[in-house]
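So, here's a batch of structures to check.
The following pair of complexes shares a single chain, chain A, combined with chain B in the former and chain C in the latter.
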Partner chain A sequence: MFKVKRETSDGKLALILLLPSTLLILLLIGYPMLSNFYISFFEQPINPEFPAEFVGFENYIETLTNIDFYKSLGITLLYTLLVVVGSTALGLYVAIMFNRPFRFRKVARSLIILSYVTPSISLIFVWKYMFNSGYGIINYIGRDILHLFDRAPLWFDNPTSAFILVVLFAIWRYFPYAFIAFLAILQTISPTLYEAAEMDGANIWQKFKAVTLPAIMPVMLTVITLRTIWMFYMFEDVYLLTNKVNVLGVYLYETAFAFNDLGKASAISVILFLVISTLIIAIRKKVNLNASS
Partner chain B sequence: MPAVKTRSTKIAGRASFYLGVIVLLCICLFPFFIMLMTAFKGSEEAISRNPTFLPKDWTLQHFIDIFNPAIFPYLHYLQNSFIVSVTASVISVGIAIFGAYALSRLNFRGRLAINASFYTVYMFSGILLVVPLFKVIAGLGLYDTKTSLIIVMIVQTLPTAILMLNSYFETIPKDLEEAAKIDGLNRIKVIFYIIIPLSFTGIVSVFVYCFMVAWNDFLFASIFFSGAENFTLPVGLYALFSTPDYVWGRMMAASIITALPVVIMYAISENLIKGNVTDGGVKG
Partner chain C sequence: MKLKRFGIMAFIVLSATLIGCSSETSQSKGGEVTIEFMHTSVEQERLKVVNGLIEEFEKVNPDINIDPVVVEEGSLSTKIITLAQASELPEVIEVGQQHAKMLDKNALVDTEALKSVISDIGKDEYFDGALKLVRTEDGEGFRGIPMSGWVQGIWYNKEMLASKGFDEPQNWEELLEVAKAFTDKANQKYGIAMPTVEAGMSEQAFSQFALSNKANILNANGEITLNTPEMKEALEYYKKLSQYTMPGSNGVTEVRDAFMNGTAPMAIYSTYILPAVYAQGDPSNLGFAIPKKEQEAVFGTVSSLTIPTGLKEQQKEAAQKFVKFLSKTENATEWILMAPGGAQPVHKSVVASEAYQSNKVINAFGDLSTEIAESFNEIQVFGLVENKNFVKMGQISSSNAIPIMVNRVTVGDASVEEGINAAQEQLEKVLE
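On to the complex of A and B.
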């Protein structure tokens, strides 16, 4: 209020500086988000030569009464839950492990991050190769060395084993994200806090609960929220690894580009959007409650 | 209850710790090891029923093959990937610098709202927008052009780039700017002479982030391109993988060369940042 003049001059410059980014985002994210709603009310093939036909809520009704959608939703929720829990827990465990100085720590840290940095496509090939049912190294180890099974399962062609593998792949690939975030925050915790807790006779678990957990809570909240969102609409990794795990990202993609139904795909993305928003709000509320108690 | 630690329990503790680190690294790196070794194996050995860990006969043939256009259009895809990723990253970072500066330094109405909307957009994108973006790109007549992917990659990376740069700019002392203004520099000059040089390492890491997103994208590339002419590496390699006559060693060599640019860039940007920020006094 006191700086009216300054505010207006800044406002003009801010408008100029922010114009390109805001315009692009409005045009290519804001508009598409709204047009998603619009398209979802039409029967809309990919080919623009065919006219769109208004169908009202039919796309939503068809989606919400289709058992495949609920199967896909269930798989996606389970996939998200397992990957979020697995990658967060592993990331935290490894970060605690690395929160002490040791030789080659820097090198080890860089090597751990490798799976997170490498493009999906490169990783997909080697996983498919390793789990090849005929000559894959995993079958060799399981069958000929450990004798866990006589006949190798068709790893990526069986819905159950394929699901386990996409979960393991995602945990392996994404835990370094949690690891980096946790390591950074752990290094800011003063060792005197642990020493004080030790003086009071706290054991490892009590120290973790009293010192580590409260300090890392905000980071944990962010890691969990973002990872939940990202896993919930995961498409690439699952689609490239197998065609037996129909997570919602894949379901949406196939509806649009394999079954030629853009309208229904839009309806699915609107539903997805609502589910993710609800999830985020739920996570935030839950963690806030815990933090205040 | 401070436990009395003898020398031997200390050594045992250290040994088991290092063992833990080694086991962890083995699990993390096993697929990379297989990738590397298979790339150097002959085609027969790669599909042997008794797989070998190390190649019996080392060969560079697969690396030679992927750079031979008569065998594999790898170079063409590589070039497409570079064009898309570099162009998108340069434009995205360029636009983001100004946007982030405005958000971190200027007072104006709606600052918080814009910040919040960038954060929302950062969380929701990708597959959720694939249908409308496909329609927008087709409507603009950009279907099956590299421009389509460049534009979408700019927008995919822009919100994150702005948020990242914003936090880098926050670390630059405001006094420096005030001093520069007293010396007669205007806001735009401040950005070029003070902000950009001082946050150079941050800008590099944002560039690397944008590059990685564009380099790794499969989703949009797979719906925007119809012919192999514009294929970037992910779609190009996936298309080859789906044909019956792929060769594992060749695919592994291609995977390694595909990963190399991002891995190298990431390593460089990590070191740049490490050199700039004190590491909490812990060296290892």
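On to the complex of A and C.
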């Protein structure tokens, strides 16, 4: 009887303690979301003094019948897939390499996370300098030293090479996030598990599959989910590196701030929300299923 | 009961925190008025100057508080649009031409308030070119109060040109000749560093050639006039000239670097090349030419201060007072000298002032400074036809159709015809 009473009062306390956070979430996330959804049915003028015109589903229909939207969606999905897989795999590989003692481990670890903590704009300038057709180091090595090509390829002007470069940039820039997360969880795995697997005759791959993978699965799920959301909405890295890769972040930005079509931009963001939600649910189901099997 | 009280307390604390977090904007407190001033001087040195001017103003106007809002230039569009949507535009905003047109198109500029400020200061105080750029479409009002400007032209290295027996290129043909003479692609030397990137800089550079061939993008009725023989000729010429520039999409960084490191003896760039030349080169060796065909055309732009609509009388008056204060010769001079050489004066009295004349950077360029200042009166831009400053030019520039056309033709494989047709189609859609 006494136990039940205590549980009830704890529940109330928990609710009260959650109240500020709930209110904050409603204020900072719920309201803008609803407002955005509402605007998506209007032709919204920039001047709030002018009346907004209700256009029903017109913004959605215009977006969904526009070939450029699908091109952009395709590029974004491929970009997201490649960067998420690439940065997660690289992060995991480097974390496994670092999960053992060696000299200067701390220094090396700091160097690894440099690309993640440096502001995007500086890194983008460095990449643009590296690939500059006149004095870029990549062209110097490829053209003047190795003689791989006579004239510098137009790295950021060709849509294919520009796409490859923005993907490589993102993998390099964001793998430290996965690295930190994986290294933390790897350090919690007891060495006795590996010893036991070894006694059973497991090779490196079998040890990874039987011991490492199940242990890191919750972290991997989080890393994949968060990185998918972040990459799907990526704007500044791509926008500043090249004009030839029109990901959805750029498409959305241009609709809202170059063409000032706020209603359509809101409709696009609602569609993106639905796409990314479906994607995340699918990933979670897939990864959970794998984990349980 | 205790828990209930705790809950109420938690709610009150949260509410108080949220209210405390919300920005304190433009409100009157006990006879005082606070107005916001949004500007783009993010650099420490410039920030110091702007803050100093604000302090000065507050000293002589103790009933007005100025709350500075510093915004990086790149995120100005986003800020302006979101703040406008929330009816939270600052009372005074530093804007370029494009933002001024966008605000004007949406009836967010108090053209009457600005007209009254200009009339108080006196139209004669400004160079004609500067005022022309901020006039409203009907020619009656103003979109902003000009504070500084810059002009674009062809900068050349006098010694390098002389080494091959060339003097200042006077027209299209001579320019092509010089560019050709200096191009040695095998050794990565180019005749001219010019913009070809899909960004505003290409539109600005190309517009100078088009306008010198009397090709504007709109006619006096505001109709698109992209597909004309004059425009095609200008684009054909730009394409030809681009054979003598660095490969790929060249933007601000590439053009400036190529000129500064001697890769190219000529560059199409704004007056913002002057501070770099002063710091790293020989100012007396710098020349300034304007491409000429049918006429001379200088591209230029002004940065101005605007006052949005919908302000309370007290805020509007404070904003007007502040803008007038910043436009005073001594203050406008301080403003210009935040980037000496780069930012060009738009006030005649600033050019004549002792502080401006004695500035070491301005002095270093000798007669060139005067030449540049005078060129301000020759300014021509796309969308300015017979003194009619079309507001739809803002949409045309925002669409990026012209830079995309330039990039397709110079960097891509598109022909002039294809480039123009695609841009025409894009612009028709934008202006629908």
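Just so it is clear, the second predicted complex is superposed on the first by the 258 of 293 C-alpha atoms of A that agree within 3 Å, B and C clash if a C-alpha of one lies under 4 Å from a C-alpha of the other, contacts with A are read in each partner's own complex, and residues count from 1 in each chain.
As a working rule, contacts are C-beta pairs under 8 Å (C-beta built on N, C-alpha and C of every residue); 3 or more make two chains touch, one makes a residue touch a chain.
Bear in mind the structure is a predicted one, so any value in this text is a computation, not a measurement.
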In the superposed arrangement, which partner chain does A:Val223 touch: chain B (first), chain C (second), both, or neither? neither
Touched partner set for A:Pro45, first chain B, second chain C, both or neither: second
Classify the contacts of A:Phe257 with the two partner chains as first (chain B alone), second (chain C alone), both, or neither. both
In the overlay, work out which of chain B or chain C sits against more residues of chain A. B
If you stack the two complexes on chain A, which partner ends up touching A:Ser120: first (chain B), second (chain C), both, or neither? first
Should A:Ile75 be classified as contacting the first partner (chain B), the second (chain C), both, or neither? neither
In the overlay, answer first, second, both or neither for which of chain B and chain C A:Ala197 touches. neither
Between chain B (first) and chain C (second), which, if any, makes contact with A:Arg151: first, second, both or neither? second
May I ask you to decide whether A:Ser35 touches chain B, chain C, both, or neither, giving the answer as first, second, both or neither? first
Chain B versus chain C as contact partner of A:Asn243, first or second or both or neither: second
Which chain A residues lie in the overlap of the chain B contact set and the chain C contact set? 13, 17, 20, 24, 46, 48, 125, 128, 134-135, 256-257, 262
Please name which positions on chain A make contact with chain B in the complex. 3, 6-7, 10-11, 13-15, 17-18, 20-22, 24-25, 28-29, 31-33, 35-36, 39, 46, 48, 94, 97, 101-106, 108, 110-115, 117-123, 125-130, 134-137, 140, 144, 172, 187-188, 198, 201, 226, 229, 233, 235-236, 239-240, 249, 252-253, 256-257, 262, 265-266, 269, 272-273, 276, 280
Residues of chain C touching chain A in the complex: 3, 6-7, 10-11, 13-14, 18, 77-78, 81, 84-87, 102, 106-108, 185, 188, 197-199, 246-249, 253-254, 257-258, 261, 263, 309-310, 395, 398-400, 407, 411-412, 430
Sort out for me which residues of chain A touch chain C in the complex. 9, 12-13, 16-17, 19-20, 23-24, 27, 44-50, 125, 128, 132-135, 151-152, 154-157, 243, 256-260, 262
Interfacial residue positions of chain B with respect to chain A in the complex: 1-2, 17-18, 20-21, 24-25, 27-29, 31-32, 34-35, 38, 46-51, 53, 95-96, 98-99, 101-103, 106-109, 111, 114, 117-118, 121, 123-136, 138, 151-152, 154-155, 158-159, 162, 187, 212, 215-216, 218-219, 223, 233-234, 237-238, 241, 248, 251-252, 255-256, 258-259, 262-263, 266-267, 270, 280, 282-284
